[in-house]
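Next come the structures, one after another.
The following pair of complexes shares a single chain, subunit A, combined with subunit B in the former and subunit C in the latter.
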Partner chain A sequence: MDQNEKLKMLFKISLFQTKSNISSKWIVFYFIFFFAASYVSLSFTHETSKAAVNLMNAVLFIVPLASLLYGTIYFYNNIDYIIFILSFPVKRPVIYISLFSGLLIPMAIGFLTGIILPVLLFNANSFLSDFYVFLPLIITGIYLHLIFISFALLIAVINENKLLGFGLSIFIWLLLSVIYDGIFLIALNSFADYPLEYFSIILSVLNPIDLSRIFITINLDLVTLMGYTGAVFHNFFSNIIGCLIIFTSLTIWVLIPLFLGIRFFNKKDF
Partner chain B sequence: MLNLHGSKFLIFFLFCYVSFSAKTVKTNKDLQNCIFSAQPFDTLIITKGFYICDSLLVNKPLTIIGENYPTFSGNNKNQILVISANQVSVSKIKFANSGVSFLHDNSAIKLDGVKDCKITENIFDDNFFSIYLAKSQNCLIEHNRIIAYNKRQTLSGNGIHLWYCRNITIKNNFIQGHRDGIYLEFVRNSKIISNRSKNNLRYGLHFMFSDSCEYMKNIFEKNIAGVAVMYSKKVEMTENQFLNNWGSSSYGLLLKDISESNIRMNVFKKNTNGIYFEACGKTNIVQNKFIENGWALRLMANSMDNVFRFNSFSSNTFDISTNSKNNYNLFENNYWSEYSGYDLNKDGIGDIPFRPVKLFSVVSEKNRPTLILLNSILIKILDIAEKIFPSITPENLIDNKPLMRPTYDKV
Partner chain C sequence: MIKFENISKSFSGLKALDDINLILKPKTFNLLVGPNASGKSTLIKSILGLVNVNGNLSVENKNIRNTFEYRNKIGYMPQSFSFPANLTVNEILELVKSLRSNKIYDEEILYKFQIDKIGSKKLINLSGGTKQKVNAAIAFLFDPEILILDEPTAGLDMISSNILKEKLIGENQKGKTILVTSHVFSEFESIAENIILLSEGKLNHFGLIKDLLNLTNETKLEKALAKWIKMKN
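And then the complex of A and B:
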């Protein structure tokens, strides 16, 4: 199979996956959730940046959890279909990537339209400036989908046991969004006598959810509340090198589970 | 020289209510000579023009009025007008470019040891100090428009500067871009009413050692550090608005060593710190609104016997933070937008007490870098847990009778 044919196959399977996923009631529900969240936060506060903060909480909470759970459920429920596809003369990485994009595209579409549509509905005139406020939120939202869908597939490929798979994905979500911050807080408190700014920069780069939160916050005026540390973060992350560090780190978080997943998928004996 | 020719020489006896011999003189020539040759209680009308002044001395009671805003310029190095006599009134003149001087506190108008003066309806443009009152009494400063453009605190003076004064009224002025918009030091019994002070490099209003003063209906907006009231007693602060004083060390209102004062019906919106209390006592904070501030109140441990009543707190990131485990202030009948209690008997007062201090505000008060975790899910969980079983937050900082609705509906 040459490169061209591979791409064709990839496109074909992804398209089929997307079609089958997008009509799923869970994706519709996902869209409705973000639409409601965005609509409500825009209607309560007439300020886009305030709405962005509210939405940020929803996005950082829901997107990783939904991506992990939906990803693992999807893999387990469609294991027969995957085995069937494997019987065709298609390379395994192609199948894996198309599974991945078949999950990513519908979820991302649900997320994006859910967030952006209310902005358009509320004030079409200032859409561009509002969109600019929401942009960091949208970018990190997409990245979180990428990261946690690749984690979900990795977990599902490694574990044949459904229960273990769910448990692991919930554990990963808990670890990155709650437990990590707990360790972070304990570390900050126990080393309070030392200058902690660069230490906390390093700690937050290592966790995609923290990194997303900080990337969104430093683009809002909320950053002034964080005092000196906030100023250090702002200086560090608001220039090109800082952005580069953020996006390299997020990209590494996508690539590692994706490649691991492909490796295990290649060797897996169904 | 006094110009006595043609239409430029006019006498209006109608104006002479002060003294029978007073007259009105219209001039566009050498101002200093004109003032020397004028009689006390004369009225000088200055016609439109550009006058370069170097410490123009007014040493007798005169009424100086500009016609179509003549410009008095200090040429970027001089003091412009110095008033050393009582009952002088200056109005409708544009003062520009009094130069920066660290030795003389160069100002557009300096009033030194005078009584009963009036500075009204003038324009001040790009001065070091604009109006400077020292050891003066019973003066009125009204309807002036004061603007400066310096970018650095150290190169900039104050808009209205009062030093050792009594019974001064500062009313309806607009001040922008100075170091401190209005500065008071050792002032007694003065009133500051309906002024608008914005975009100043330090404080919109700076209050030092000034007892028994009153300021009301002022608007303080976007000042780098907000408003500071320090080392004073019996200060009345009513119906002012503190807006958008947003920055890493900005305060809507900074109180230091204040006692027996009243803070009533003010609005604090979008300030990093709404009110910061340090060593304040016996002060009533009543019927104020705190909206969308970073910290609505920051209460340091050395503040006690203050009473907080009928205030409404809505959408603040933190309602109160404190560095103390104890509380010697009274919180009662306030409205808290974060209050989630119920009111079974419908008397407008919530049936369960509200604890306005969150766990995270205590943690972050002690250790600032932890603020980086603001909005984290963990912090939300901890705050909820602390709400149910308080352990770190001050146990007696509590509103036992929280209101169900904001005060402006009720009172």
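And then the complex of A and C:
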């Protein structure tokens, strides 16, 4: 199978996966959630930047949770279909990447249209400038989908037990969105007498949700609300090198679970 | 030809396949039987490369380890048909057609089962039997040299079941190698040539059905198998 044929197959399977997922009631619900959140935020604030701030937490909490849960449930519920596709002359990594993109595309479409449509409805004339304000949210939202869908597939591939996989997904979400920050704060508080600037930067890089939060807050000019820590982050991340560090770290967060998933999927007994 | 040489497979310490040595010659019609958890599914999955086994397994004289192209020669009908429910029958056929290099299609059974008339229907709206017909049609679609069918008549009505069996006889006469599993022995005992009996992952018996009937002095395969198992124990 040459590269061209592989790409064709990848495109075909992804297309059918996308078709099948996009009309799923969960994706429709996902779109409605972000549409409602974006619409309500814009209605209350009448200012795109304030609406973006309101939406930040929805993006940082809901996108990872939905990606993890929908990804693992999809894999478990469609295991017979995956096995059937595996019986065809197609390389396993092609099937895995197709599953990944077939989950990513519908979720990302639901998220993007949900967030952006209200902006267009509220003020079509200033759409481009408003869209620019929402851009950090959109970029991090897409990255969070990439990261947590690859985690979801990895979890489902290594765990045949549905309940265990489901539990692990929720645990990873809790760990990265709640527990990690708690530990982070306790550590900062316990060692408050020491210079912790670089330590806190390193800890942030180790959590994709924190990294996303930093990127959004810097770009929405919210660092002033974060006090001293905000100033440290602003100094470190608000230049080109800082942005490069954020995006390299986020990309690594995508690639590690994705490659591990492909590796386990290649060796898995079905 | 499908050749198993010392094929073993364990799952969490339990032996699903235990040192299987078997040759399925070309143009033969083989019926794979055995009690639950005897290793039938694992044997089929090993041919399709879905499980990694110890030993040498070759299809058409080529070891299948780390290859996938040989699956162009195989048509597989799984026991249960499970595609995403939002897809239509036509979309599924289009998808599977895009996954094979073979572009000459055998659509005879597709028309006989009248699947062409339900192409625009979504899977969610199809009955279990109709899904099974689509499942069977896909196995024959690519005119493969080897047909592997897991409980093919399960869920099919009598007429459809007969259409399927006639198709299998025809394909075998054309020179296709066929491997079928079934719990209803009477359905295939008159058309299959060989029987493969697995129990607890081991190859208990492999040979001509008529030889087994003669050996056990029985006229029905079900009774012959029961007698054979008793004799072996």
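Throughout what follows, the second predicted complex is superposed on the first by the 269 of 270 C-alpha atoms of A that agree within 3 Å, B and C clash if a C-alpha of one lies under 4 Å from a C-alpha of the other, contacts with A are read in each partner's own complex, and residues count from 1 in each chain.
Everything that follows uses one rule, which is that contacts are C-beta pairs under 8 Å (C-beta built on N, C-alpha and C of every residue); 3 or more make two chains touch, one makes a residue touch a chain.
Worth saying up front: this structure is predicted, and the values here are computed from it rather than measured.
S.K.: Based on the superposed arrangement, let me know which partner A:Phe16 touches: subunit B (first), subunit C (second), both, or neither?
M.R.: In the superposition, A:Phe16 touches subunit C alone.
S.K.: Who does A:Ile139 touch here: subunit B (first), subunit C (second), both, or neither?
M.R.: neither
S.K.: Tell me which partner A:Val90 touches in the superposition: subunit B (first), subunit C (second), both or neither.
M.R.: second
S.K.: If you stack the two complexes on chain A, which partner ends up touching A:Asp221: first (subunit B), second (subunit C), both, or neither?
M.R.: It touches subunit B, and subunit C stays clear.
S.K.: Should A:Leu206 be classified as contacting the first partner (subunit B), the second (subunit C), both, or neither?
M.R.: neither
S.K.: Now for A:Leu175: first (subunit B), second (subunit C), both, or neither, which partner does it touch?
M.R.: neither
S.K.: Both subunit B and subunit C touch subunit A; at which residues?
M.R.: none
S.K.: Spell out the part of subunit B that touches subunit A in their complex, as residue ranges.
M.R.: These residues of subunit B touch subunit A: 246-248, 250, 272, 292, 294, 315, 317, 363, 366-381.
S.K.: Can you list the residues on subunit C that touch subunit A in the complex?
M.R.: The touching residues are 9, 11, 45, 48-52, 68-72, 74, 76, 78, 80-87, 91, 94-96, 98-101.
S.K.: List the residues on subunit A that touch subunit C in their complex, please.
M.R.: Checking each residue of subunit A against subunit C gives 1, 5, 8-9, 12-13, 16-17, 19-21, 23-24, 78, 80-81, 83-92, 267, 269-270.
S.K.: Looking at the complex, which residues from subunit A come into contact with subunit B?
M.R.: So the residues of subunit A touching subunit B come out as 45, 50, 53, 56-57, 60-61, 177-178, 181-182, 184-185, 188-189, 192, 196-197, 200, 204, 210, 213-214, 217, 221-222, 224-231, 233.
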